[in-house]
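Chain IDs A, B, C and D follow the sequence of writing; residue 1 opens each chain.
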Amino acid sequence: MAETLRERLYTVIFGTDTPAGKLFDVVLIYTILLSVAALMLDSVEGISQHVGLYLKLAEWTFTALFTLEYAIRIYCSPNRWRYISSVYGIVDLLSILPSYLGLFFADVTYLLIIRLLRVLRIFRVLKLIKYLDEANVLIRALFQARRKISVFFFVVMVFATIFGSIMYVVEGPANGFTSIPRSIYWTIVTITTVGYGDITPQTPLGQVVASLAMLTGYSIIAVPTGIVTAELAREMRHDELLIKCPNCGKKGHEHAADYCSRCGSELDNPSED
Amino acid sequence: MAETLRERLYTVIFGTDTPAGKLFDVVLIYTILLSVAALMLDSVEGISQHVGLYLKLAEWTFTALFTLEYAIRIYCSPNRWRYISSVYGIVDLLSILPSYLGLFFADVTYLLIIRLLRVLRIFRVLKLIKYLDEANVLIRALFQARRKISVFFFVVMVFATIFGSIMYVVEGPANGFTSIPRSIYWTIVTITTVGYGDITPQTPLGQVVASLAMLTGYSIIAVPTGIVTAELAREMRHDELLIKCPNCGKKGHEHAADYCSRCGSELDNPSED
Amino acid sequence: MAETLRERLYTVIFGTDTPAGKLFDVVLIYTILLSVAALMLDSVEGISQHVGLYLKLAEWTFTALFTLEYAIRIYCSPNRWRYISSVYGIVDLLSILPSYLGLFFADVTYLLIIRLLRVLRIFRVLKLIKYLDEANVLIRALFQARRKISVFFFVVMVFATIFGSIMYVVEGPANGFTSIPRSIYWTIVTITTVGYGDITPQTPLGQVVASLAMLTGYSIIAVPTGIVTAELAREMRHDELLIKCPNCGKKGHEHAADYCSRCGSELDNPSED
Amino acid sequence: MAETLRERLYTVIFGTDTPAGKLFDVVLIYTILLSVAALMLDSVEGISQHVGLYLKLAEWTFTALFTLEYAIRIYCSPNRWRYISSVYGIVDLLSILPSYLGLFFADVTYLLIIRLLRVLRIFRVLKLIKYLDEANVLIRALFQARRKISVFFFVVMVFATIFGSIMYVVEGPANGFTSIPRSIYWTIVTITTVGYGDITPQTPLGQVVASLAMLTGYSIIAVPTGIVTAELAREMRHDELLIKCPNCGKKGHEHAADYCSRCGSELDNPSED
C-alpha cells in the first residue's frame, strides 16, 4: 500500500516500532539532554563568559530543531488539535516559545524576565517524560495515594503552624525566629529532617520543643513512606494475582501455585523463576 | 413540616448535605485560612509596621465572625453542653478567647503574654480539623500503633541519654558539648537525621562515636516508619477483606476471588478493576 | 500459709501482681527518672554552681536507695548468683558502683575519670528497660533482622570507604577533606542524610560525586527501613495467624475467617472488631 | 585418591568447607582489613609524618601477600581465564596494580595521580564482598528493583532540574544560587534531606518554594524505600512459600499451614517456631 509522506512521517515520529522510529527517538533524547546541558552551562559565569557565543549558537540550533519537530508533529498528526492541546503538545510548545519571547526582551533592563525565560527554556527537560513507560507503576501508586498525600500535606501544614508559633514565642526574634512564617519555614526544614542549620534553637526550652517536634514530626513524616510502600506492595500483589489459568481462565491464584485451584490445569507461573 | 429557625440553622451550620450547609462550610474554611494568614503576616515586622492597622481591623472582624459562629452553634445545638465540652467546642472557644484576653494586656510591659496570646489565636487553625474525613485511615493507623510509638519514644530517649553522655565525655565542653542535656539534644538532632550542624564532633574519637550513633540510630528510627507502614498495609488489607458475599454474607474472601468460597455465588470484587 | 519476710519481700520487689508490688515499681521508676534528671542538671554549669550541694546530696540519697534495693534483691532472690549475673543484676550494680568509685578520684587531677564516672552513673537509666514488656515485638523484629542489619552495616562501611576515598582525591585537604578517615566520616554523615554541613564539597566535580553518593546512598539506607518493616509486617501477620480453632485446634486461619477451615466450628476472631 | 598440590591449594583457597580453607579465609579477611586501615592512617597528616616509614613497609608487605594470593589463585584455577576475567579476579588485580603503578609516579610533580593511586589501592576493600553470602537477599531485592530505581533516579533528576532552575530565578546569584548546576546540587541536597546548609534560601518566596520542594521531594524520595520494602517483603514471602510437602511435593502452602492442602501429609513448617 502506498503510504503518503504524512503517514510515513507519522510512523517515524510518533511510532517506536520501526527502526527509523527508534532512531528518531534516540536522536531526540540526546538532543534534549544536550540542549538542557547547554542551558545549564550558560548559567555558569566562568563558562558563559568564555564560550557564551557558542552556547548561544547551540541554543538557537536546538530551538530550530525543536521548532521543526513541533511543526512536523502538527503536520502529520491525524487529529491536530488533539496533539496541540495534549500534555505532550503543550510541553513541545513550551520548549521553544521562551527562546522566541527572549528576542523581545533582549534589553538588559528586564533582567528578571530574561532569567525567567531561561528557566522556562530549561523546562524542555519535561519532553523526556513521554519516554518513561517504566514509571507507570510508580505514578499509579502515587496517583492511588493522592488523597492520602493531600491529607498528609494538610496535617503537616497544621502541625508546622502550631509548632512554628510555639517556637516564635519560646525563642523570639533575637534567636533568628523573626516572624511566624519564618518559624513555620524552620519547622518544615526540621520535620522533613533537612535541617539546614541556618536557624537553630538557642534556649534550653527551645531545644526541648525542637526535640519534641523532631520526634513527633518523624512519626508524621513516616506516613508518606508508609502510604507509598503499602500502595506499591498492593500494586505488585495485584500484578501477581493476574496469573490466569490457561484452561478455565480463573484469575487470582495464590502466589507460587502450580495448578489452577478450580480446574487443576498446570499454571505458567512466572514467580517460580 | 414546618421547621423552627433553630432547626434550620442546625441543618446549615452542622450539616453538610444541603447546598446552604456546603456553602457555609466553604465560607468558614476560607475565613479560617484568611484569619490565620492575617495573624502570620502581623508577626512580620516590615508588614505589621505598614499595614498593621488593617490587620488589627481584620483580626477583630474575624474574631467577631467566629464569636457569632460560636454563639449560633451553642444556640442551635440540640444538646448544648455536649457541644461546648466536645473537642470542636473547645477549639471554637479557644479561637476567640485570646483576642478578648488581649484587651487586658494591651500594656507593652507584658510582652511575653502578648506573644503567647498571639500564638493561642493562631491555634484556630485547628478548627479545620473537623473537615478531615479523609484523615481517618491515617489517624486509625497512628492510633493502633500508639503503644508501639510510645515504646519507640522511650527507647529513643534511653538511647539518646546513653549516647549523649558518652559524647559529653568524649568531646567535652570545649567542643560545644557543654552539658549532658545539650549532648542529648545533639543526639536527638543526629539520630533523627536532622543534623543542624550547630554542634558537631571535632575529635576523631567523637566522630567515630557519632558515626556509630547515626548508623545505630538510623536502624532505630526506621522502626516508626516500619510500624506505620505495617499498620497502613493491614488497614488496607482489612478494607479489602470486607468484601461480602451477596448471597450468604460470608466476609473475608481471598483477594481477587471470583466466587464465594462458601456458597459459590459470584462476588462483586472491586479489586478486579 | 505463713510467708517468711524473704518471700514477702520477693513478691513485692520482683512481682508486679500485688498492689504493694505495683507501688514499688512505680516508686522505683520515678526514683530512677529523678536520679537521672539530677545527674543531667549537675552537668549544666550555671545550675551546678548554684545548687551543686543539693544535687550532690540528692545523688548520695539516690545511691543509698539503689544500694538498698540491690542488697534486698540479692537477699530475697531464690537463686542469688543467677540474679547477680543476669543483665538486670549487672545494670543494678553498675548504677551504684560509679558513685562509690568516685570517692577514690575526688582529686581534680583525674578530670577525665570523674567525667567518665558521671556518665557511667547516668547509665542507670538502663534500669528502666525491665519495665518494657511492650518492646518485645520491636526487639523480636530487630533480633530476627540482626544478620541482615549486620550485612547492611558492612555494605555501608564498604560504600563509605569507596566514596570517602574518591572525595579525598576530588576535593583534597584544602576543602576540608583532610584525610581518608575524615572523608569517610563525611560520607557517613551524608548517606545517613544527617548532613551537618561542617564539611561540604566545594568543587563542581565534588558536588557531582556528592550528589551521586546521596542518591545511591539513599537507596542503600532505605534497606534497614525495608527490613524492619517487612519483619514487623511478618510479626504482625504471625500474631494474626495464631487464631486457633476452639474445636479441632487448627491454627493459621485466613484473616477475618468466620469458621474453621478444617472442622467448620465458629471462630473467635478478634480482627472482626 | 592422591591429590596434586594444585588441587589441594584449590580446596584451601577457593573452598570454605575444610578447616584449612576456613582458616585461609579468616586470615585473608583480617589481612584486607589491616591493609585498608594502614592506607587510611597513611592519609592522616599527623600519623604519616611520624610512622610513615612503617606504614610504607606494611603496605609493601600487604601488596606482596596479595600478589602471592593472586598468583596462587591463577595457578590453581581449573579455568584460569574465567577467574581472571571474573569480577573477583579483576578486584584481586586492582588491589595490587596501583602499588606497582605508584613506582612510576614517585615524583612529587604528579600529585593528583599519586592521590588517585592511593584511592585505587583502598578499593581492595571490595575483596571482602565475596564473603557476603548473607547479602544475597538484599542484592536480589535491589536487583529486582533496578528498573524502578533507574526510573526513580531519572524522575529525581528531572525534578531537581525544574526546582533548581526555579530557585535560580527566585533567589539569584546574590544568595548563593550562582548557577543552575549549583541550584540543582542544592535541590538534591534538599530533597534527599541531607541539608548541609552551605546554600540556603534567603528570600521569603525562596523559602516557600524550598518548603514545597522538601515536602514534594519527600514523597518522591519515599519511593525507593517503598520499592525496597515491597521487594524485601516479597522475597521473604517467597522464601516462606517454598515450604514443600514431604509426601506429594506441592509447594506454596499457606503460611503456618499444618497439613499439605493436596494430600494431607503433615508439613515441616519452620514458621511455627
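Operating definition for what follows: contacts are C-beta pairs under 8 Å (C-beta built on N, C-alpha and C of every residue); 3 or more make two chains touch, one makes a residue touch a chain.
All values derive from a computational prediction rather than experimental measurement.
Among the remaining chains, A is positioned farthest from subunit C, on the basis of C-alpha centroids.
Averaging Cα coordinates per chain places subunit B and subunit C 28 Å apart.
If you average the CA atoms of subunit B and of subunit D, the two centres end up 39 Å from each other.
Shared contact sites, meaning residues of subunit B that touch two or more other chains, fall at 181, 193-197, 225, 227, 229, 233, 254.
Interchain contacts join each chain to each other chain, per the touch definition above.
Every residue of subunit A that touches subunit B in the complex is listed here, in rising order: 147-148, 150-152, 154-155, 158, 161-162, 165-166, 168-169, 172-173, 178-181, 184, 190, 193-197, 200, 204, 207-208, 210-211, 214-215, 218-219, 222-223, 225-227, 229-230, 233-234, 237-238, 241, 250-252, 254.
Partner subunit A is touched in their complex by these residues of subunit C: 193-197, 225, 229. Residue ranges on subunit A touching subunit D, taken from their complex, read 36, 39-41, 43-45, 112, 115-116, 118-119, 122-123, 125-126, 128-129, 132, 134-135, 137-138, 141-142, 149, 153, 156, 181-182, 185, 188-189, 192-198, 221, 224-225, 227-229, 231-233, 236, 254-258, 271.
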